[in-house]
């Protein structure tokens, strides 16, 4: 598989504390990759650094052949990468529809509004209520939907299932499968191991700000021992 | 975008090392000697003006530098005390000492009132509230009878200190002002190093933590506000005696702006910085008084430059410089 | 003559009108302050100076190039807005990572410098600026005589206030602004040029102030001090209203203007300070302000 997103020797800092210590990973085009790891090992930071929110960084980030290190934050999306943060980032002073329409379309091939409303019928129903009046699950759907509309090819998803009821988690899984069928490249951070094992093609294991292992989903049964050790499950 | 801790406008106070203590004492002695000998070289009235404003700026810095509260209304205490003292000495015929006491008490009372309202909000709202309330006091002074409106209180008698030192002699008056200044500085120094001052510092650094530690933050802020107002009042009372008048200029918002500039220029949160700031601003004003070039333009530009590139101020920069550090001073931004 | 509480009705309506006029300016100015503060977290002390600049640009356009009131109503805000945008882009933007108090101090310095410059060249006294020919004279409304120009000021400032509110609450660019106010980093990660948005917002705020200044020119004369006189009252207005709500800023502006006008009728000595007194009362009863959402 052709690597679409390449990260090499990525370091990042929060002020004086050094949080990423040389992360290396690649994500192929159309691949769905999950980063596993305990709390506080740098998974979220990795996503925030790739997208460019965390700018005290060093190393290489290449997206579709383009070096992203010097691209300012407000230009990153235009290179075809979208980010859904853990806290979802739904705006309370915007209606559902305004939230949905907020991110500019950066490339063709994104979902149309009709497609989005078909995939997430609740959003259509509640399109004129304030964004934060939605339930947690609906907010997560909205956060994903608004990025899907923009036509980005790579999606960075931070813990999409956190705090959600099982039936909603299942729904998000279905959505992610659909995205995969459409050829979307996804880099996912997930604590819910069962959920991740159903949708991911490959896993990266992270510890202390570094990648400590990678394996495809087919090797999952053989890797359980190591996983238990690193994740402490 | 970095997520480093946001630098506060308030600089870290100087931390003493043994070396710094020696150097400080040396500087202190040299400074005192200079001030004692200064009338030989400069007009006493000019020096007294600097001392009054220096005390005013240090009092203001007590609030901004050590409590993190930006008051835009300190003219009220400075100018208010000037009116009270002038009125007490001239109309009631009180001796100077009591006149000053009236001014200081009045300023403290005004501080209690203004502080009571202002501490209900923080940050920029605090600044706006103090500005608005001080404008209210300005209008009061404009209309109240005892201030004589636009004319101000003129020819305020200086009288005799302790009944036998004639303050009409400018030399006597100078040493009196110097003594009051030194007393004021000692009070400030004691205050910021007292347990009360330490708690203020911890409030400035992390208000939530101070609240969770059980401190009544509002009461401490109010205490600092009243203390700062009283000392600003002391400066204003002295100014009324030095110049022998009290006018609307001293209660106008421009005066509040001036004292902020002096503090910013000298170094927010440094004990002696505001003295230098005051000296510089007063000198500049005196220099420009003879030309028709308006002081406000310079003041405004200096303000902008300070905020953009010179936030530590003169003394703050000195502490942070190589020489300053070699002498044992520490100054974190 | 008809009277109410012993006050001639005509005098009452006259003061009400003056209150409404002042309220229009308070509303326009506090609206601009709220818009700027919402996104930039800067209290724009130079807002009064920008209001004064608007009036002066109109005056200078007429004096030197013969451009009259109507074009000036558009041109002066554009000039002042562009100046504001430049200031934001090159100077103010350097202060965003610092304590918001620095923004206040910087714009305070800017206000002093601008005001000082105009005082140096034009003195402290006011320059007359005639209302446009179309709006001279007045209309007898039966219960009072309404100078046409003042009627125009009330109407047009109301339109501009509501227009600005619609721009922010109902348009696409307004949704960018609201979203960036909540979480500018995330909005930026969506590919929206937030630094540009900040520049435009400050420019818009400055332009609104300048617009108010042009409106004020025929009423109050054009004076370097007109800005600092009004800005402190406007600060009290935003403390009362709280800056979390655009509509709140507008309503508070009008209400306090009218309250001031009424005070002039019943207790003239207090009319200068009534806004401050109301501010103090609001601080006691509702410290966050009437429409406040943030501390």
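Structural remarks
For clarity, chains are labelled A, B and C in written order, and residue numbers in each chain start from 1.
Just so it is clear, a residue touches a chain if its C-beta (ideal position, glycine included) is under 8 Å from a C-beta of that chain, and two chains touch if they have at least 3 such contacts.
Just so it is clear, the structure is predicted and the values come from calculations on it, not from any experiment.
Comparing each chain's Cα centroid with the centroid of every protein Cα atom identifies chain C as the most central. When each chain is reduced to the average of its Cα atoms, A sits farthest from subunit B.
For this pair, subunit B with subunit C, the centres built from the Cα atoms lie 32 Å apart. In terms of their C-alpha centroids, the spacing between subunit A and subunit C amounts to 44 Å. Centroids of subunit A and subunit B (each the mean of its C-alpha atoms) stand 54 Å apart.
Among the residues of subunit B, those touching two or more other chains are numbered 1-2. Among the residues of subunit A, those touching two or more other chains are numbered 53, 73.
Residue numbers of subunit C whose C-beta contacts span two or more other chains: 185.
Every residue of subunit C that touches subunit B in the complex is listed here, in rising order: 37, 43, 91, 94-95, 97-102, 104-106, 108-117, 119-120, 185, 228, 232-233, 235-236, 238-239, 269, 272-273, 275-277, 279-280, 283-284, 287, 295.
Subunit C contributes residues 172, 175-176, 178-179, 181-183, 185-195 to its touches with subunit A in the complex. Contacts from subunit B toward subunit C in the complex involve residues 1-2, 6-9, 70, 117, 120-125, 127-129, 131-133, 135-136, 139-140, 142-143, 253, 257, 260, 264, 292-304, 306-308, 311. Of all residues in subunit A, only 51-53, 73-78, 82-83, 85, 89, 91-94, 98-99, 101-104, 106, 150 touch subunit C in the complex they form.
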